[in-house]
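Structures given as structure tokens follow.
Each of the two complexes below includes chain A, the first together with chain B, the second together with chain C.
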Partner chain A sequence: MKRLTIAVLILAILSGCSSSNGGKDSKKIAIVVSTLNNPWFVFLAETAAKKAKELGYESKIFDSQNNTALESDHFENAIASGYNAILFNPTDAAGSVSNVMKAKEAGVAVFCMDREVNSKDAATSQILSDSYSACIELGKLFVQSLNKKGKYVELLGIVSDNNTWNRSKGFHSVVDNYPDLKMVAQQSADFDRNKAMEVMESILQAHPDIDGVFCGNDAMAMGAYQALVAAGKAEKVKVMGFDGAEDAINSIKEGKLTATAMQFPKTIAELAATYADEYFKGKTDFPKKLPIPVEVVTSENIDKYIAYGKKE
Partner chain B sequence: MHKGVKYALFTAAFLLVGYNSIYVKKLSEVKKATETSEFDALAYAKKFLNKTLPANKEKAISLAELTQLLKSNPRKAYSYSNAQNDGNIRYFMVKGEGEILKLDEDNAYLQVAGVAPKVLLATQYILGNAARDGSGLISVDEFTTTMEMNTVSEELNKLIKAEVLPRFKSDAKLGSKVSFIGSVQLNQAKAVPDSLEIIPLILNIVNH
Partner chain C sequence: MSISKYRATLSRFQSSIALFVLCLALSILSDKFLTVDNGWNVLRQISVNVCISVGMTLVVLTAGIDLSVGSVLALSGAVAAGLLKNGIELPGNDLFIGFTLLGTIVAGLLTGGFLGFFNGAVITKFKVPPFVATLAMLTIARGLTMLWTKGYPISSLGPSFGYIGTGWFLGIPVLVWIAAVIIAVALVITNKTSLGRYIYAIGGNENASRLSGINIGKVKVIVYTISGVLAALGGIMVTSRLDSAQPNAGISYELDAIAAVVIGGTSLSGGRGTIMGTVLGAVIIGVLNNGLVLLDVSPFWQQVVKGFVILLAVIIDKANSKAE
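This part shows the complex of A and B:
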């Protein structure tokens, strides 16, 4: 009986080994996202998980809560738990490089989604929204909406994220050419709706006569709009966001927000999962950085869009 | 332990932890730190505008040919376009020669043989990625971060304002003939606009 038990155990171990070396269902994909406290990132993570499942892989979502230390723990856990690829939305363009390098050294491929890390070689591929180009177009629209003059406020996202500055720089590359458009305040609200509302309330105390607000994402645009409503100024002030989140799309339909820029998280997430699948099948030649187009959404073309994308 | 000493110790510990937990930095400092210091966007832009582009100017499509193709065979027309992403906004490096019909503070208005839309040569607002992306010679894979590539766009636009336009503005008159190489932005999801704005890259007054 003892011999039989040992034989069964050996067989079980061997079959376990062959399964972890063999078919694609033995591969696991970790999805590490900067925060799940923003519906856009929830959509990104869930879409990536759904696509991974469709492709036959087990996956798990890790929430970094905008904390690089927690993100580092997630990477260590993912590597130790035998995940074979990480679909990654970083918290910090510079600070997250070491995590990606750690995974690379462990033989785990990393595919960045939406946000980049400051390295050409650390990640296998980086699929990024072309935020700068979109904000050039938003900047042109902002200039036109304010008729080339007025006072405005800019709410920035997380200051260690490249998207924050790509959006800000794209916008300013246009708006700064118009000397009668004056930025009276520029503050970070960390891409967070509640923070944006608080920051906007305090800015409005000092600058009650603003004409426009440019926000680095839709959550902040909604928070700023709420503050403007509370101050009785929502009708007069043009507010622009970025993302194409559900409440921003509804808000443009209702004539509240002036514009947003539609990113395509479904495209980004599905492409990242597909790249992981191709990587497992032996492909090694991926674009190092792949910019994904972003489209400006206003009341004029809102009918073509739904939350997080275009109508089918 | 005496209550006062306890409170003093707690306060000292609280202040110590608090002091080491909170950092106040200027936004401008953080912004500067995010821009990788080794990359010299201005030098890159100068080399591109003064060497790379002139050496590749034969890649520009004639504006007359482009406008005719946009009418007769848009797909072929857009095969001459470039962009960093595969969205609807595309850029073309174009060449041509035209006569100045009008000058104002924002544009020179040209008459170009064989081109139906109005042709505006931008002389004031040099915006966007047209100068960087029209030729298709700059690729995102060259850069460590997209910020670096985007800074090239800004530096190129500034250089055009500082180096290409002042000479043109001082020499250009109504009736002058201008030979140009420039970049045009078009949205392939929309009809061809009534006027085409050209971001100038290389300009010469030919009958000056």
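This part shows the complex of A and C:
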């Protein structure tokens, strides 16, 4: 009896929370993102949801918390509760394939955003942002702004995240060709501003004479920059980030950070929602892979950009 | 000196000895370790963990645990930053409430205090095990942080707020002053007050304490509230230091705090341990973090090394408590 009461209570609470809008024929879109613990992905998910709403669809955001198993649960729940399409930001290129296949078999179209899954035909379309080649561009700029020689530090993101290594590998594919550029420390700061500041403070003790810092995201670049300011070295050291977050854009404008890579989460998310809309209306031929170019942002072209996108 | 006496002395100074050995090894391996600048670095970096760990020690002494400190830190920091930057706009009749610097700090601390009080109340009134109650709060407070910040950092809080995290006072970083004051207050509480005696008594033997007339519920609620306030203080320190409240601040800080408590020789079953032990534990973790980066040890190995240090500390502690 007690259990029943609790069950009824929970049901009552849940039904109070979810505001389902009427229309039985209306299509529903699920938005499954790898994590909401990072503003970039929050922006991606919210933009997708906003666009879906504009196009007249009910949508719901699922947070996979960087956990492929949880992502799998989200897919099962989304399929079971009758979603017609999934706008999907995968946790893992290989591990997420089976989830996409599951949706495909159930007749639910999947549109990948930002990150790809390693399968040619599982997803209806993949709209991708290529971290690897963006970091090649950043690497070139890095080499150029250090005049091909000097000591530098690399701050990695979470070491179990494949984005961390895509970015690092792209960067090194360029920079490692210059023997006079020496990496004196490669440390992880977990994509976290506070950790980056602390790690940078320690590195500066061992290597007070560095010329550049390459960071796997903007939050770490901001933290590293603050450590450099505290040590009175901010003027001399070039700091580069990745993402195009608001703090980094403002900071480049003020001449603090040297560069970041702008991905276009707004373009990606809106396109994914538009594709879903077209799919519902009968379109079947979508580009299997559509790369959205990443642009390098510096003080020279900063006027064209705002946080997470271009000025309109 | 008899062996048991020798052991007892060793156990009392085990953390100091471990710290000394660690520092000795690091200064041999790197000539950058033993410098004044690096010393301030380490002290600044551990100041937040010291505040959280002191609260955690009080909780653990009562045989409890507080897993929610990292999330409480994030929410309190974000509340302070949000109020400072945006104030509160009441919808409807154009009512706007702005906050002074002190007001935002108090609001942040109250947030942490309330969440801690809530933890304590749930644990005592509904007899929910502390592990479960604070695990629930870990999720609740993180979710509230996301709601409050909408998932984005709150940045550019201004130089006067930044003074807490980056300023110096009488030649010592403000962060270190705060940690020192917290340690001093906690030492007084644990050693000189009846509250301190009750905390140890409850952890030692809850039934006996109840029979001797101690209001166990009240003491526990106070202890969890203190833990919440100290986590909030940590949140304000981190936020001020970064000039930004990050929605994912403080993730896994509870583990660093528990590690400091355990390395410091406090028993997780309660009743035994000291504030100074925990402070030494926090210093050891800070020195280890700093040293591994100075030596540019691979991030993969750093995690392995830290795990083994915690394990070693607990094994030695177990051996010592048996000897006693």
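Everything that follows uses one rule, which is that the second predicted complex is superposed on the first by the 238 of 312 C-alpha atoms of A that agree within 3 Å, B and C clash if a C-alpha of one lies under 4 Å from a C-alpha of the other, contacts with A are read in each partner's own complex, and residues count from 1 in each chain.
The rule is short, and it goes like this: contacts are C-beta pairs under 8 Å (C-beta built on N, C-alpha and C of every residue); 3 or more make two chains touch, one makes a residue touch a chain.
Values in this document were obtained by computation on a predicted structure and should not be read as measured data.
A.B. asks: In the overlaid three-chain picture, which partner chain does A:S299 touch, first (chain B) or second (chain C), both, or neither?
C.D. replies: Neither partner.
A.B. asks: According to the stated criteria, A:A219 is in contact with first (chain B), second (chain C), both, or neither; which is it?
C.D. replies: Second partner only.
A.B. asks: Which partner does A:P39 reach: the first (chain B), the second (chain C), both, or neither?
C.D. replies: second
A.B. asks: Considering only the touch criterion stated at the top, classify A:S202 as touching first (chain B), second (chain C), both, or neither.
C.D. replies: In the superposition, A:S202 touches chain C alone.
A.B. asks: Should A:Y132 be classified as contacting the first partner (chain B), the second (chain C), both, or neither?
C.D. replies: Only chain B is touched by A:Y132; chain C is not.
A.B. asks: Tell me which partner A:G170 touches in the superposition: chain B (first), chain C (second), both or neither.
C.D. replies: In the superposition, A:G170 touches chain B alone.
A.B. asks: Let me test your reading of the model: by the given contact rule, A:K120 touches which partner, first (chain B), second (chain C), both or neither?
C.D. replies: The answer is first: A:K120 touches chain B but not chain C.
A.B. asks: Mind working out whether A:N147 is in touch with chain B, chain C, both or neither, as first, second, both or neither?
C.D. replies: A:N147: touches no partner chain.
A.B. asks: Touch check for A:K288: first (chain B), second (chain C), both, or neither?
C.D. replies: After superposition on chain A, A:K288 lies in contact with chain B alone.
A.B. asks: In the superposed arrangement, what residues of chain A touch both chain B and chain C?
C.D. replies: 156, 159, 186-188
A.B. asks: For the complex, which residues does chain A have touching chain B?
C.D. replies: 93-94, 116, 118-120, 128, 130, 132-133, 136-137, 139-140, 156, 159-160, 162, 165-166, 169-170, 173-174, 177, 186-188, 287-295
A.B. asks: Write out the stretch or stretches of chain C touching chain A in their complex.
C.D. replies: Per the touch definition, chain C meets chain A at residues 30, 32-33, 35, 37-38, 41, 44-45, 146, 150-153, 155-156, 166, 238, 241-244, 246-249, 251, 289-290, 293-296, 298-300, 302.
A.B. asks: Which positions of chain B touch chain A when the two form their complex?
C.D. replies: 27, 30-31, 34-36, 84-89, 125, 127-129, 140-141, 143-147, 150-151, 153-154, 157
A.B. asks: Show which residues of chain A lie in contact with chain C when the two form their complex.
C.D. replies: It comes out as residues 36-39, 42-43, 46, 156, 159, 184-188, 192-194, 197-199, 201-203, 205-206, 219, 222-223, 226, 230, 246-247, 250.
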